[in-house]
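In what follows, subunit A forms one complex with subunit B and a second complex with subunit C.
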Partner chain A sequence: MFELTITEDGQIHLSGRLDASQAESAKKEFDKVTLSAVVNFKDLDYISSAGLGILFAAQKRLKDAGQGLKLINMNQHIRDVFRYARFDLIFEIE
Partner chain B sequence: MPSSDSNHIEKSFAKDFLSLKAIFEFVGKFSVSNKLNDSQVFSIKFAIEEVFTNMVKYNPGNTHVTISLNREGKKLKVGFVDAEEKPFDITKKEDVNPSLSIEKRRPGGLGIFLIKKLMDDVEYAHDGKYSRIILTKLVE
Partner chain C sequence: MVAMAKKISKTVLSRTDHLLEVRDFVSEAARQFGFSEEDVANIVLAVDEACTNIIKHAYQYAPDKEINIAIVRNNGTFEVKIKDNGKNFNPDALKRPDLQRNLTHHRRGGLGVYLMRKLMDKVEYNFEAGHSNEVSLVKYLSKKQSLIKK
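Presenting the complex of A and B:
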């Protein structure tokens, strides 16, 4: 199960598991993002390359428009995957 | 037919992204009985998803993939058997360059690259009819 919600303060809150079976619905939600935003990973347990691809595409589109995503509260396993993929060069990660 | 004991489990899964839920439950059951830690389980699930979804996307010709998990002492081996006439050796896939800037990076290839980072060995064999992939993770 994967859920993406927008909190009252405008953060994009991810929860559950972002795998290939959830990628299409996640992509539709990220396609709606047009301005800089904070993505909160606090309740995201898992992400695969399908999810990484969605975040990468969103960041690339936003960067072209002078905007960007900031990623916060990743668990250690997800943080390791982002580090191996060198997504720390692409995103601001806190 | 699925087969299992505490050190070996095997099952066929329909070639559909929706099989991932059942695959993760399959891994979870084995992980508990083999006392794998969270980091090991994350890596194994990640690697299995990447191989399985590649088979779904790029070899849709047959209906099922057989996945096995086998504990051999300090080695955890994940096996995949997929009927495939034309071989695609994932060990020969050129690594992506993760140091490129966002402007120069392209989608594709990241999953296989990350499998190599998260697992300790990747083997591929093709016998003319089946592709067989074995991923090894050192678990102690």
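Presenting the complex of A and C:
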């Protein structure tokens, strides 16, 4: 199960597990994002390369338009996975 | 006394909605073996990436094929053998992704295979041309973890 919600303060809140089974629905949701935003990982338990790919594509599209995603509240494992993939170089991670 | 290798296995259909079941199967076995939570998470992700590659490349999203996951535990070695009967797919034949170039040029090919190699101690592929593929993912229990286990 994966869920993406927009909170009252405009943050993109991710929860559940973002694997290949959820990639299509996640892509549809991220395609709707057109301006810079903060993505809150607090309740995201798991991500695989399928999920990384969705975020990568969204960041590329937004950067090309002068916007970007900032990622916050990752658990240690997800933070490590971003580092292994060197995605810490293309996202601002707090 | 010679220690016997312990083997358990599971077969699932080639659909991404079975990935959670595979992850639960592997995480339970890895945890029981004595790995830290960090290592359990790394092994689980590597297996997920291998199964996702099979669904995507070997079976090309055909939902009714089989993936067999066998876990062999022997002394300090934890091996996950993942077998399919799909199209031969040899990531070793592919060029390793140049992550810096991918980032510069906004490409992301080969990330799953790259992560598998990064997260595990050994990754090997075996093929029977036209018949089956098997990927072996190995993680060694550290001496420190072995002592805690005892």
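We adopt the following convention: the second predicted complex is superposed on the first by the 94 of 94 C-alpha atoms of A that agree within 3 Å, B and C clash if a C-alpha of one lies under 4 Å from a C-alpha of the other, contacts with A are read in each partner's own complex, and residues count from 1 in each chain.
The working rule: a contact is a pair of C-beta atoms (placed from the backbone, for glycine too) under 8 Å apart; a residue touches a chain by one contact, two chains touch by 3 or more.
As the structure is a prediction and not an experimental result, all values here were calculated from the model.
Touch check for A:Ser21: first (subunit B), second (subunit C), both, or neither?
In the superposition, A:Ser21 touches subunit B and subunit C alike.
Considering only the touch criterion stated at the top, classify A:Ala50 as touching first (subunit B), second (subunit C), both, or neither.
both
Would you check which partner chain A:Ala65 touches, where first means subunit B only, second means subunit C only, and both and neither mean what they say?
neither
Just checking: does A:Ala85 make contact with subunit B only, subunit C only, both, or neither of them? Give me first, second, both or neither.
The answer is both, since A:Ala85 touches subunit B and subunit C.
Contact-wise, after the overlay, does A:His77 reach subunit B, subunit C, both or neither (first, second, both, neither)?
Touch partners of A:His77: subunit B and subunit C.
Residues of subunit A that sit at the subunit B interface in one complex and at the subunit C interface in the other, please.
17, 19-21, 23, 46, 48-50, 52-53, 56, 60, 76-77, 81, 84-86, 89-90
Using the touch definition up top, name the residues of subunit A that touch subunit C in the complex.
It is residues 17, 19-21, 23, 46, 48-50, 52-53, 56, 60, 76-77, 80-81, 84-86, 89-90 of subunit A that touch subunit C.
Within their complex, state which residues of subunit B touch subunit A.
These residues of subunit B touch subunit A: 17-18, 20-21, 24, 38-39, 42-43, 45-46, 49-50, 53, 56, 98-99, 101-102, 105, 107, 110-111, 113-114, 117-118.
Spell out the residues on subunit A that touch subunit B in their complex, using ranges where they run on.
Listed in rising order, the residues are 17, 19-21, 23, 46, 48-50, 52-53, 56-57, 59-60, 63, 76-77, 81, 84-86, 89-90.
Please give the residue numbers of subunit C that touch subunit A in the complex, ascending.
Interface residues on subunit C, with respect to subunit A: 15-17, 19-20, 23, 38, 41-42, 45, 48-49, 52, 55-56, 99-100, 103, 106, 108, 111-112, 114-115, 118-119.
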